[in-house]
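In this document, chain identifiers A, B and C correspond to the written order of the chains, with residue numbering beginning at 1 in each.
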Amino acid sequence: MTELKAQEAQVKAEPDRRPVRRNGLTHGRGLVGVVLIGVIVLLGVLAPLLAPFSPQEQIEGANLLGPSGTHPFGTDEVNRDVFSRVLYGIRIDLFICLIAVPAGALLGGLIGLVASQTGIADVFAQRAFDVVLAFPPIILGIGIAAITGTGVLPVVCVVIGAELPLFGRLVRTATLKVRELPYVDAAESMGASRAWVLRKHIVPNILDSVIVQLALSASGAVFILSAMNFLGIGVKPPEPSLGGVLADAMAQLGSNTMYAVGPLLVIVVLVLGFQLIAQGLLAARRGGAS
Amino acid sequence: MTAYLLRRLPSLALVLAAASVLIFAVIRLVPGDPATALAGANATPEAVEAIRAELGLDRPWVTQYFAWLGGLLTFDPGRSYLIGGTIGSLITESLGNTLLLASSSLFLAVLTALVLGPLWAGTRKPWLEHLLTGINTLAVAVPTFVMGVALILLLGVLVPVLPSGGVPRDGLLANPSITVQYLLLPAVCLALPIGAVLTRYVAESLRTEMAQPYVVTALAAGVSRRRVLLRHALRNVLPTSLTVLGLQTGALLGGAVLVEFTFSWPGLGLLIERAITGRDYPVVQVLLILSVVVFAVLQLLTDVAHALLDPRVRLGGAR
Amino acid sequence: MSTALSRRTLLSGAAGGAVLLGLTGCASAVDQETSGTPKKGGTFAGAIGTDLVPANFYTNSNDGVTTIIGLVYESLILYPNDSLKPQARLAESWTISDDGLTVTLKLRQGVKFHTGRAFTSEDVKFSLESYADPKWNGQLKSTAAAIAAVDTADPNTAVLTLKHPLGNILDLLEIVPIVDKETFAGIGDGSRYVGTGPFKFEKWTPNARLQFTKNAEYRVPDRPYLDAVDIAVIPDATAQANQIRSGQIDYAYGISNLDIERLEKAGDITKIQRTGAEIQVYVAANLTVDGLEDVRVRQAIAYALDRDRILSEVFRGAGYTASLPWPKTSPAYDEELNNFYKKDVAKAKSLLADYGKKVPTLKYSYQTPSPLFQATAQIVQANLKEIGIDVELDPLDPPTFVAQLIGGKFPGLWTAYHSWAQYTPSTLTVSAYPFNALKNSSHYESDTYIKDADAAWKQIKGDSPEAIESYRKLSKDLLDGAFLLEIAIIEGRWAVTDRVKGISYTKRSELLLTDAQLTG
């Protein structure tokens, strides 16, 4: 579905659509999304200032305390402040997103570009994408984690693996479309180099869809990486991650009910925020095109 | 047509053979093996060696591979090393549980779409429209397992009215009224994102439909708006909605894995997880090869349909 | 749900919720209550956390196996929970010759297997032999393998000839369940379990449940009281807690200690703390890893551990802290030695100062998924940070963990449970792999330790003064070597409702329901 939406967004080359893009982020849903993500990013960036405790500090005697002034979300099973852990958890989650999503986009885009140039590579890439998409990312994650062991590495691999086909297809379809445009065709037949076509026509043309897809992918990446951390095959303890804190909270719901609330809210806001940004961009695009 | 199928079959067999080798090899790259999984933390090296011999894991890989292949081809994939029981019965049972969960979720999703879709499209109250839009956006966005934890917290811990996980101890068939209570939370979780997408689609299509000339005519003739919406417009929207539902079913099966984890629902997702963490080679191998087979057959069917529509493909022309 | 349980109708908040959900008139899956008087008969409904693994029949390592063995099988003798004084079970009496090389067992007569076949000395021979087969991975197989022959000339007498005196031979006779030769193959695939015990094995549904029925011809008259036993496999600890609170089950094996505390406070359950069936939680070191080769570093770690905190916060006080494996019920227990290592940061730091070098960052492995190990590991990590040792946690899934344990390939420290110290002390050092004097996962080699372990094993009487002196030597060796550092001795807990009476257990945490009764 998400992929379809992103492709829908493609329109023919226009000189500059930066205003449209800006519009999408300063009005309505897009704005809400930007604000949501902004708040979370700020919380993450300012974690060292905002957190009342170190995320790994074990406070003597503070075993599974309920929420209080000192510990807004209470404490966990090894006496750490849950609020501080959630704040620091944001950092690691966003960090993985920041690494894995662009990496997936870049790799996928390159494969898509290569695929659009030669027939054999195209068939091969398409089938490979199909196969990757056939496995739910979580099963893929369990499998990879069994081989590599728990850690950030399998999480990054799975996120990249999930993003790769989406960007690959996006770029491939866009490239094929652009090359069929009469003036590009004409330019090519007049001896324009492929690099020139790429720079002058293809890149500007697909930039918008790629940006929308990036927002959607970030949303999906937060989902996947927090799910893997939730399953205990991601970030190793004692490092806090949103999914990891949520998983630890699951066993302690009866003792400290607020334990789960923090990571729960942040994950929802992150996923929602990125989706709203994508929706806002799409809406602005539709408005701008018509 | 038969000729086309015959031409495709060798490549299908090739893909499956390659997949089987790959699956067989990759799972043996994972550290630890079924013998260490079986032996447990108190084991001695001699015991692990003895178990390895008992399971036939000390034979050369090639021998093991062909033994497995032979089992597959005679539809006798054998027994699980760790979980117990024959692989056939294990898969049937887990598949049944997964299908029950999935079909209940589909039912809930369709029900939601049929009720809220027309309401959303038909309402003229701005607050209701905003509310529905908000809920819908949220429902699409919230990850299934996060919703699962939230529901467990609310209805399993704070106000304990529903079981927070597992299945009834007498099985799913013994007492339907108990089963429903166990099924409710996981099914709602799984249904939510699909229901939301479907509801949005139905509402949007209904709005388009309501702008059609026949609706305008009917309304002018004094037929009530509600009647037009439910009697005529909805009927026209249903067939395409079904397609959207079909597309969502794939996403549903992926989502089921996480929901099964969150609620300890003993379906295929939990089975494959347990099989991988227990290095239960026979079970993992069969589950993976099955998914490849399903996938390859679906591809073949698509291509056949394509061939039926496009004679050039069938005749081996430009492809 | 058992129809024997009466159901409370729509009065509680829970049932009110059911109304909201449109389930009026149906039994609620989260709230049931019964009341009544004790009775004979009925079905005992319980839950276990880990399913039966048929290949683990003799390893005592999962709840499914211990449940089956406790209900269906009997051993030759039985230790009471608080001591090692053997009581008659399938053997009526036993004598060990003065040279310690011959054990003569007089068998109980008139005992029948569930198939109707009479129990004889042949069955003793077969059971001991199959236990010794390495593929079954029985913990005392080295002891079983030291039996040279079993004389079965008299069907009512079994005479065991030993290769050398075995101080722990009675442990073996206490542990090995007497199995039926004719149906033994069924144990391998989980299809048939035939013993002489109070309950007959009915059916195993993998991943779901174990069912048993009363053995009407049980050797003890009027026992068992129960008609049937129905044990569900519920891996999720929270689900177990919910089911016992709502009265769907009366017995939970796998519920967390925190939930037990909570439910006990609410008056929903009582706990059975399995004193005598202890397990130990420990930190051990791989001596081939840089830094851990020096005993001063290992002792510093032993002084850094906050045992009290781990015991109270992680294990909720279910046991006591320890420096040695021996529980209080063991003849080797010595309070002074057991308190040898107490948290002492200054002492730990001075030991490290003696060592002189910086200890490199150590990897610290434990099995997943386990909230208890994860919490323990994180506390130990913080403890070691206090004395200046950096530790990187290394969670491993069970097969990887075991592969590294058996191969002695841990990259640093590890934490796990061990068991078998609740028996005759020599059983531990010749059986439990982490302690094995000849070859252990720590790569700890010491001629003194090998000599002392062997001497303890070859004591003729496991509780004689000479034997106790030999255990003292062994304890000293363990404290000096510091290759395996005990944290605490844990007494596991079962949750039961007050609807059931008379539940007991063996030293291996096997469920005994011979005297159990339902009320209501």
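The rule is simple: contacts are C-beta pairs under 8 Å (C-beta built on N, C-alpha and C of every residue); 3 or more make two chains touch, one makes a residue touch a chain.
Computed from a predicted structure; not experimentally measured.
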{"item": "Between A-B and A-C, the pair with more C-beta contacts", "value": "A-B"}
{"item": "Innermost chain, where centres are averages of C-alpha coordinates", "value": "B"}
{"item": "For chain B paired with chain C, centre-to-centre distance based on mean C-alpha positions, whole Å", "value": "39"}
{"item": "Chain A and chain C: spacing of chain centres that average the CA atoms, whole Å", "value": "46"}
{"item": "Chain centre separation (chain A, chain B; CA means) in Å", "value": "23"}
{"item": "Shared interface positions of chain C, touching two or more other chains", "value": "238, 397, 400"}
{"item": "Contacts with 2+ other chains: residues of chain B", "value": "31, 156, 277"}
{"item": "Junction residues of chain A - those touching two or more other chains", "value": "146, 149, 250, 253-254"}
{"item": "Of all residues in chain B, those that touch chain A in their complex", "value": "26, 29-31, 137-138, 140-143, 145-146, 149-150, 152-153, 156-158, 197, 247-248, 251, 253-254, 257-258, 261, 269, 272-273, 276-277, 291-292, 295, 299"}
{"item": "Chain A residues within the chain C interface of the complex", "value": "56, 58, 63-64, 77-79, 146, 149-150, 232, 236-238, 248, 250-255"}
{"item": "For the chain C and chain B complex, residues of the former touching the latter", "value": "1, 13-14, 16-18, 20-21, 23, 26-31, 45, 47, 51-56, 59, 61, 133-137, 139, 141, 189-190, 204, 206-209, 230, 232, 234-236, 238-239, 242-243, 248-249, 367, 397-403, 405-407, 416-420, 432-433, 436, 439"}
{"item": "Chain B to chain C touching residues, read off their complex", "value": "31-34, 36-51, 53-54, 79-85, 89-90, 93, 155-156, 159-166, 168-171, 174-175, 177-178, 180-182, 184, 264, 266, 277-279"}
{"item": "Complex contact set, residues of chain A against chain B", "value": "1, 29, 130-131, 134-139, 142-143, 146-147, 149, 219, 223, 226-227, 230-231, 246, 249-250, 253-254, 257, 260-261, 264, 267-268, 271-272, 275-276, 279"}
